[in-house]
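What follows are several structures.
Two complexes, one shared chain (chain A), two partners (chain B, chain C).
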Partner chain A sequence: MKADAETLYGMIVEFEDVPLLMTAVSKCRDFGFTKWDVHTPFPLHGMDRAMGIKPTRLPYLVLGGGLMGLAAGTAMQLWMNAIDYPLNISGKPLFGIPANIPVMFELTVLVSALTVFFGMWSMNGLPRLYHPLFKSRRFRRATQDRFFIVIEAVDPKFELEETRKFLASLGGNVIEEVTENPED
Partner chain B sequence: MKQSVIDPLNNTVDDPTRPTELVLGGQSYTTITETVADIALEQKTPKAWYVAFAFFASLTGVLFLMIGYLIVTGVGVWGLNNPVSWGWAIVNFVFWVGIGHAGTLISAILFLLRQKWRTSINRFAEAMTIFAVVCAGLFPAIHVGRIWLVHWLFPIPNYQAMWPNFRSPLLWDVFAVGTYALVSLLFWYTGMVPDLATLRDRAKGRVRQIIYGTLAIGWRGSHRHWHRYEKAYLLLAGLATPLVLSVHSVVSFDFATSQLPGWHTSIFPPYFVAGAVFSGFAMVGTVLIPARQWFGLKHLITLHHLDNMNKIILATGSIVGFAYATEFFIAWYGGNPYESFAFVNRAFGPYAWAYWTMVTCNVVTPQLFWFKKIRTNIKVMWVMYIFVNIGMWFERFVITVTSLSRDFLPSSWAYYKPTLIDILTFVGSFGLFFTLFLLFVRFLPVIAMAEVKTVMPIADLAGDENRPAGDYHGDIHPKRRKGDK
Partner chain C sequence: MAHQRVPSLKDTETMLSSLGPKVFNACLVIGLIGLAAALGLGLAEGDNLRHFGFSYLVNFAFFLSISLGALFFLAIMFITKASWNVVIRRLAEVIAAIMPLLGLLAIPVILLAGQIYGWAQPDARTSHAMAHKAAFLSKDAFIIRWAIYFAIWSAYGLFYWRTSVKQDGSGDVALTRRLENYSGHALVVCSLATSLAAMDLLMSIDFLWFSTIFGVYYWTGGFVTFFAVLTLITLGLQSTGRLTKIVSMEHYHDYGKLMFGFTFFWGYIAFSQYMLYWYANIPEETAWYMLRSENGWGWVALAVLFGTFLAPFCGLLSVQAKRNLGMMAFWAAWIIVAQWVNLYWVVMPEFSHSFTISIMDLAAFFGVGGIWLAGITRLAMGTSLVPLKDPRLEESLRFENV
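After this line comes the complex of A and B, so read on.
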């Protein structure tokens, strides 16, 4: 497959072996690529450091979601049972904290969990059903038993021949160019 | 790792110097993928599957017929009578919700405790949770009588300008079970996305590619994604842990906050949670053993896994037994004549047969799991699981019915008997549960492939030095730990 340089998405290199991949990833990080990624069938630890990824802000988002759930749960019960339609049952307080704890707790957990779920997928830019990488047959093994490093063509340090040489020096199996709109 | 056993699939001999191998038979990433993905994609559906599916789908049909009959006729078709106004509907509800708990325990609590053996069974267990909660949710919905007013359970503005009473434990139930169902579903689906992507990438037909592709929402194993994904998974586990403990506690409040002797006890929340985990593990085992047999998963769901599950059944079963004893002790020690009557009545009254069935199944049976021979014998343990399932259903029956049928006023006592409709509805709920389960084992990744790959001993990477990173979090690759800078 001969790629047209203008529609080139990037270059992928395949690995079979985890330690070799780890070393290669560190080299890519040190080379100074910014638009690049590693695709693996399962999470590899130490990879964050090898790639130089900063910790995600997701937990703060979830903390916010949880607090919102708590506030909403409290406000809802206060409004419904004590203000809008006060129900006097056996002379118990209209808004007693103990009786309201279960619903407060459940809504805290519910909104937190929804924030985790939707927050994580949207931060990852998913759902995204089409991606140039899916056009590569070889890349299908990224969800099975192979590991890939992908350098995107938009990376400022990307030079077709230079990058190919660099990737070849990493010790991976096969280097492949992936285009944005290849002919099948 | 050398093990002094003849059976290559027996990894129940503990060598304290090495972690137990959780994946047997010299598997590689490739073979794991093939084994699991081919169940959904390549394998010819076993004939037994069709037979089982036809059978359970018919039972599901019976369930919906019964529900239809109930709706058009009214709750009079059930065996409820004047003192026993809560019958099988609530018993079945508590039973099914309890079943679900093992799934969350395996997926969330064992995850936080870094019990790596959970990886092979968590997908099964989580699926079971969701299907059990589906069955559970059915009963409160249909038992309200006027089912077309079921939305009154929720705080939705309605034409009466009235709100639900948040001081009622029955309303807490709505929130607890609703949250539980939704969070379990999110957890299950989040865990499944990478595996659905594997199925998408292996699927041959166009239709399957589209379906799995849509479900996989474009997952491509990017490490920048994995990075957030793992954090999200950890957060979901952290949220699901207190949630699962809260759910059965709230369910037990339905009973414990009432004034009825035998219900009004503070031991209920922990005792219900232990019982839930106990029954849930038994149900996981009930479905896991045939599945691992039929789909050739013995090297992934090993005897070590089953052995560990049986130990949890033993532990929680003992807690349940201890709780029964404590209830009796407090009934006597508390000096409340109604309370002590309720308990003597349980053991020696008209429902003694149910009580002793429960004790035999829940207290005596699990004690056999002290013996390793029994913990590692597939056939025996499966029979034991059935006993536990029966026992835990009877526990809910005993709690609900004995206290109601003989309360404070002897003139209002009555004996409760289920009708055929009650029985068929309950049997039908098993049909629904197993139908969903059969669909799951046929079409979805039954084992969390991505997770299993993280706990594999890799044959071609000798020594711990090169062992790939272990669990989903915190387990730093040995090489990286020494610092690469």
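After this line comes the complex of A and C, so read on.
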């Protein structure tokens, strides 16, 4: 495939075995790349540390979502049952906490779960129907029996020749440039 | 980590060795002194050991629930073919295998049943409700049921421990298969026995009151306390240089997840029971909660709500807390105290309608607990603290939370 510097998406390097890959990944991390990723056919223990990925901030979002659900569940029942349309049911208090807890609990869980789901989507840039890496025939083996490191061209440390040299030093099989535009 | 060396059993001490007799003797002495002191204080009250009976019951129920937690833990680990737990499984095995000793410790409860249980009082026979329950709630049936409960628990508890120790020598994979296969009926039979035992032990103090979820309430409390005890025992052993390196932060993280999960489950169960009675508002059902929310017991009820549920729930929510040994030790100790307070709150209002606590409760705690821990230490002294040839040991050693 021909590489066009203006529409270059990034550079991929292929590995066949895990130990070599892990060492290479650590080197990329130490080199200081920020816009890069590793693709493997199955999860690898220790990859987060090798890549230097910080723990996700998603839990804080979920905590916020859960508290919002809790507040909404409480306020909704307070407003509906005790203020807007007070209805005495078998002599219970208009706003009786034990009776309200199931709804408070369910809304906490619901909003937390929705925050997990859509928070994960938005933090990962999903949904996304097309990706430049789809163009590379070689890359298809990332779901079968090959491991790939991808350095994106937008990375501040990316320089065509320098990066190619660096990737060549990692001991991978083949280095390939991937372009941005979908037509071949 | 993929390029980090996997620890092996050679990296650490896996025998109690010289520590064993020291802990055994200390626990036995504390246990005997505690029991003697509790009994002495009970006799001094001159109430035919009624107060002592309740005090003893709280602590017996507490330590029994921890061993039951260990038994269920083993059954669940085997039936799911889980591997992460193998390095710490022997600890659960000795805690569960102590069942025959707990059977002996049940004798005072049975002897003092006439002092403790409402159905054993002379005036119970005049109650209309009692007429329908008399066949079940009679002294003979009570004794027979306790014999059956402990026969079941002891059989399974000893089975897990003995089979696992046998594998230390032979390394036979067929033993693991048998442990897995037996765990199916173990769960069914032990669940029934535990649920009925919880009714006999705690619910039938007030024979008019009933709750279909009570067995789960008792079991969950024991299950979460078991993980707290396991955390402290593992930390204690590691502080003496045993099980170091092979039990990693990953295993503690799982303790933390289970403690957190079952803290919430306990809250869920406890609230479900409370809410249904609160909402239905039928006098014979709410009586149990009324007794426990008046005359000072209401403060204990709040302590139970915050202590066993809300505080540890918030404390163990974050992943950082579960991977911090100081926090884990703190919350484990907290849960043990809180679950004890919970059982005290379940039992003691039946003895005294206004809040009471005495030095006898503490003495009985150290009495039952000391003997219980001495028995566990005695079992652990003879063998390795780790199942040496379990086929999943290697997986457990290299275990990592993703």
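As a working rule, the second predicted complex is superposed on the first by the 177 of 184 C-alpha atoms of A that agree within 3 Å, B and C clash if a C-alpha of one lies under 4 Å from a C-alpha of the other, contacts with A are read in each partner's own complex, and residues count from 1 in each chain.
What we mean here is this: contacts are C-beta pairs under 8 Å (C-beta built on N, C-alpha and C of every residue); 3 or more make two chains touch, one makes a residue touch a chain.
In this text the structure is predicted, and so the values were computed from the model without any measurement.
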Exercise. Report clash or fit for the pair chain B and chain C bound to chain A in the combined superposed model.
Key: clash
Practice problem: Applying the touch criterion given at the start, work out whether A:Tyr130 contacts chain B, chain C, both or neither, answering first, second, both or neither. | Solution: first
Quiz item: Thinking of the overlay built on chain A, is A:Ala153 touched by chain B (first), by chain C (second), by both, or by neither?
Solution: neither
Exercise. Specify the partner with more touching residues on chain A, choosing between chain B and chain C.
Key: B
Quiz item: Between chain B (first) and chain C (second), which, if any, makes contact with A:Leu44: first, second, both or neither?
Solution: both
Self-check item: Partner chain(s) touched by A:Leu87 [first = chain B, second = chain C, both, neither]
Solution: first
Quiz item: Once the shared chain is lined up, is A:Ile175 touching chain B (first), chain C (second), both, or neither of them?
Solution: neither
Exercise. Based on the superposed arrangement, let me know which partner A:Ile12 touches: chain B (first), chain C (second), both, or neither?
Key: neither
Practice problem: After superposing on chain A, check 1-9, 271-279 or 469-477 and name the one in chain B that bumps into chain C. | Solution: 469-477
Practice problem: Would you mind listing the overlap between the chain B footprint and the chain C footprint on chain A? | Solution: 18-19, 22, 43-46, 49-50, 55, 59, 92, 99, 102
Self-check item: chain C residues touching chain A - in the complex, by the definition given at the top
Solution: 1-4, 271, 274-275, 278-279, 281, 317-319, 400, 402
Quiz prompt | Touch list for chain A against partner chain C, complex | solution = 18-19, 22-23, 43-46, 49-50, 55, 59, 63, 90-92, 98-99, 101-102
Exercise. Name, in rising order, each residue of chain A that touches chain B in their complex.
Key: 17-19, 22, 26, 37-51, 53, 55-56, 58-59, 62, 76-77, 80-81, 84-85, 87, 89, 92, 96, 99-100, 102-103, 105-107, 109-110, 112-114, 116-117, 119-121, 123-124, 126-131, 133-134, 139-145
Quiz item: chain A touches which residues of chain B in the complex?
Solution: 28-30, 33, 37, 155, 161-167, 169, 171-172, 175-176, 178-179, 182-183, 186-187, 190, 194, 197-198, 200-202, 213-214, 217-232, 235-236, 239-240, 242-243, 246, 250, 253, 449-451, 453-454, 458, 460-461, 466, 468-470, 472-477, 479-481, 484
